[in-house]
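Order as written gives the chain letters A, B and C; numbering starts at 1 within each chain.
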Amino acid sequence: MAQRRWRLSSLQAIIGTIPLIGVSVGVFVICIIFSILWSFTSSKLFPNFDWVGFENYDRLWQTSRWIVSVQNIWLFGVLSIVGNMVFGYVLAVFMDQRIRMEDTFRSIFLYPFAMSLVVTGLVWQWMMDPNLGVQAAMQNLGLEWFRFAPLTDANTAIYGVIVAGIWQGTGVTMAILLAGLRGVDQEIWKAAKVDGIPNWRTYLFIALPMMRGAIATAFVLQCVGVVRVYDLIIALTQGGPGIATQMPAVFVIQHITNRQNVGMGMAAAAMMLAPIIVLIAIRALVMWRAAAQEKRAAKLAIAAEERERLEAAGIAAPVAAE
Amino acid sequence: MKRFVTAAAVSAAALLGTTAYTQAAEVEVIHWWTSGGEQAAVSVFASEFEARTEHTWLDTAIAGGENARAATMQRILGGDAPGAAQFNPGRQYEELIEAGLLLDLTELAESEGWRDFMRPPSTMAACDVDGQVWCVPVNIHSWNWAWASIPVFEAAGVEMPTSFAEFLEAAPAIQEAGYIPFAIGGEGWQINGAFGVVQTSIIGLDNREAILNGKDLDLARELMPEVFETFRSFKPFTDEGSANRNWNDTTNLVVTDQAALQIMGDWARGEFAVAGEVAGEDYECLALPLASPTVSTGGDIFLFPKQGDPDVEAAQLEMASMMVSPQVQALFNNAKGSMPIRGDVDMSLADACMQKGLAIIEDEANIQVDAQRWLTEDTNAQMNDLIAEFWATDMSVEDAVNSYVSILENAD
Amino acid sequence: MTDQAISSPAAGMATDVAGPAGPKPKRLTASRVGVYAFLIIAALFFLIPLWVMIVTSLKTLPEIRLGNLFNWPSDLTFDPWIKAWTTACTGRDCDGISPGFWNSVKITVPSVILSVFLAALNGYALSFWKYRGSELFFGLLMFGAFVPYQVVIYPLIIAFREIGIFATLPGIIILHSIFGMPILTLLFRNFFGSLPGELFRAARVDGAGFWQIFVMIMLPMSVPITIVAIILQVTGIWNDFLFGVVFAGRPNMPMTVQLNNIVTTTTGIREYNVNMAATILTALVPLAVYFISGKWFVRGIAAGAVKG
């Protein structure tokens, strides 16, 4: 009886997730399959099915711009994710100190996210311009040694991009982590206080491990942002100086649209997906094993509960007959 | 004027066999003319179209050529094709022609004699594919200009150069006087444009065509090293801020007499005009190469995606006819600051710099055909990447030439 | 900040808000000063670009050409703001960014509601109603999150054309819901996953079904994460240009198309002051959403605290 009711509700869960199934399979799986197929074709302006084997991949890995893009994404990814997470958590913790004007501060940290990058990118360009921006202003104040013009040099431009990226993205990380902090059980704080644990230790060693969900969310969001970084580059450097700040997504998007080489763009897209496929496969394996264990445990728990309930009610009517 | 209108209407109507009248239709036009001066130009087209016909111009402006072209392509694919769409002359739309997605303008073009009045001929060639006409060229923009600040040259005690070699010789003096000799921005297309002009001035138009159109790899190996070397010799005369600058901020350096010279297309005139500068007094426009000035035939074209609705197609033809008519050409190009696609229009309002250009364009020997005409977007973009990388890094000339040749070799 | 007191560390203070977990200071101490000092310095870092934008938007073009990025305008003008809103040219028409405003609202409101609702439902089902394959679907969805949008645009255009919703309002709403789904689902799934399982089991024991538990218990508890979801979606959809311009159809083109038309130009004159004003004006809606949602950010925890 219990089994049947559970299964019926499960059916409802499946009905409830029809949009999820539709989007994950109907949109992403099918679209990605098409993309991979097209990467083996000579598609130029519009996708077609003239097979050319691995020709696009060959050219891709001989293109110095692609190789620079791949190197950049790792440097950019690691530095901007670490920077964002650390800065975001510190901000969230400080925001959590029962401060006045919390709404104002939160809006200040979030506003960069709300603004079109076309213009904020330009403002950052100006601010990092040696003759116009922060460097010029500081030198006018008499600090002749002051240097802050990362975008002008091919070796440092990527760091300028990271600074602007942190400016734009930290607010969201802060908001997610703050939501996570607020989800931590109040009793924990009481207990920590009673035990005389200093605040900072509570935040670092007790609260942080308890908000795995929020951290995972913020982390994945950052990863997605890094992999798909496009607007920031276009607005800030257009991939320059030279090709020093090119990124894979920029490569893909420009080939699919303006450069009218869909086959090549799709090959690059497929290469972008390769490491993600590996990661997700590993994760799926882990999840699958965990789920199998959990399921066994859940079955037992439900069975026990149901038995208790029925015993308490003293009846055995079929609950979900309709 | 009136007679012309009637003639156009009749010819367009005749093409479709609907003699007496055509149904009023709406024609949606996608274009990327969104800034002030461009707005005035597009308004000429729109209001002339509505004044001369009973049809309506539905304006869909999407800033940025890439955005507008991508939107057009995607909407054609989605079955929501616009009535007309702006492109640059070249190979951007060859696949649209092959797929039969565009309205054939051949009959209209032949009845109005487009092939006869368009000049230079290469303008028409952009739309004339295998004897059929697929698009309408509306204007010509030339890349081959340099903008020089007269006060800077005076202050540095240097004569206006008559060749790049002379300029490079004088550049240290300008630098010592505290000015930026060579103003350039960091965007790929700025660098590439300047490179193209340097290339033309060193190897000449014929060799350029043999390399870019004829794909003569041996000639490229022979001639390109000097081009790359000369181009690099400009590098020491740029400023620190160049790596990340828009073209107009770069022009502003010349406008405000901080820099001596910028290589930039004829649209840069607008920046001087807005700042109230006068050609010949405050600044000089130098047609390039200095020894034998040329005009490059960039510009804009409109193509007309098929609609499957005879009324709209009739209106599309009337729009095409309107765009090339002499009166509209004069009004439009004066507003846009570009050169008309026919010689018989009144451009007496144009400023001194454009008059220079109009004189040069009359001789066919002075025409530098746009590289986009010969190379696909893909090949072109690969060259852009190469030249941007060469400019920004210390890539050797030898490597650069090898890459250049290999891009040409694989071009289709 | 008038929520009733719920379990809070500094018990006994009637005006406490349940939200912030840190200790409530009784008076200004050195550490308090430090907290504010840090926040203010951080806020300055975030605000400098906004300052540049505002002063630039109040300068005349000749003054902008002079440089002096950070200086207050010597020749103060509000014309750029008026121009940005009402008269800047965005093509043939010169009506500023205002005409697209309601289109953006028309696209954003239903898209945000639909996408957040679907994501909450997904997250709930994936956390409490796992079934064979549910994790696989989630994995596939997350995979989709990493794909640059443009990669999947061609199949989608063709599919939308075949269904007949290409270039329509429902089309763009569905599209935004599709692309919002991966991240938002992750958001809700992780949030629900961190809730104590007893709550769900208790509701089950009481005989509540899939939808009852979702609507009566889970939705009210998920307020803080819903706010984060709304922040992400409002921003993403309000600022979307790429899809709006192709998928919304000409009559529904969002405000970003006009913003972009004012701001972006290749060979035209750039009016930086108008660009700045237009950008700030366009961002006002998401900013207002951030500011207002803050109230619920705190209140949401109060609801969540029931679990304690």
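Rule of thumb we're sticking to: a contact is a pair of C-beta atoms (placed from the backbone, for glycine too) under 8 Å apart; a residue touches a chain by one contact, two chains touch by 3 or more.
In this text the structure is predicted, and so the values were computed from the model without any measurement.
Engineer: Using the touch rule from the top, work out which pair, A-B or A-C, shares more C-beta pairs.
Structural biologist: By number of C-beta pairs in contact, A-C is the larger.
Engineer: Farthest chain from chain A, comparing Cα centres?
Structural biologist: Greatest centre separation from chain A goes to chain B.
Engineer: So, what's the distance in Å between the C-alpha centres of chain B and chain A?
Structural biologist: Measuring from centre to centre gives 41 Å for this pair.
Engineer: Can you work out the whole-Å distance between the CA centroids of chain A and chain C?
Structural biologist: 15
Engineer: I need the residues of chain A touching at least two other chains; which ones are they?
Structural biologist: Each of 46, 131-132, 257 in chain A touches at least two other chains.
Engineer: Which positions in chain C are in touch with at least two other chains?
Structural biologist: Within chain C, residues 153-154, 260, 263-264 contact more than one other chain.
Engineer: What are the residue numbers in chain B that touch two or more other chains?
Structural biologist: In chain B, the residues touching two or more other chains are 70, 77.
Engineer: Which of the residues in chain C end up touching chain B in this complex?
Structural biologist: Where chain C meets chain B, its residues are 61-62, 65, 89-94, 153-154, 157-158, 160-161, 166-167, 241, 245-246, 249-250, 253, 257, 260-271.
Engineer: Under the touch definition given earlier, write down the residues of chain C that touch chain A in their complex.
Structural biologist: 6-9, 17-25, 32, 35-36, 38-39, 42-43, 45-50, 52-53, 56, 67, 69-70, 118, 121-122, 124-126, 129-131, 134-156, 177-178, 181-183, 185-187, 190-191, 193-194, 201, 204-205, 207, 209-211, 214, 224-225, 227-228, 231-232, 235, 238-239, 256, 259-260, 263-264, 272, 275-276, 278-280, 282-283, 286-287, 290-291, 294-295, 297-298, 300-301, 304-305, 307-308
Engineer: Quick check: in the complex, which residue numbers of chain A touch chain C?
Structural biologist: 9-10, 12-14, 16-17, 19-21, 23-25, 27-32, 34-35, 46-47, 90-91, 93-99, 102-116, 118-120, 122-124, 126-127, 131-133, 136-137, 167, 171-172, 175-176, 178-187, 189-190, 193, 199, 207, 211-214, 216-217, 220-221, 223-224, 227-228, 230, 249, 252-253, 256-257, 262, 265-266, 269, 272-273, 276-277, 280, 283-284, 287-288, 291, 294-295, 301-302, 305, 309, 319-320
Engineer: Considering the complex alone, what residue numbers of chain B touch chain C?
Structural biologist: Residues 28, 31-39, 42-43, 46, 57-65, 67, 70-71, 74-75, 77-80, 141, 246-248, 252, 255-256, 265, 267, 270-271, 274-275.
Engineer: Which bits of chain B are touching chain A when the two form their complex?
Structural biologist: For this pair, the touching residues of chain B are 66, 69-70, 73, 77, 92, 95-96, 99, 186-188, 239-245, 376-378, 381-382, 385, 388-393, 410.
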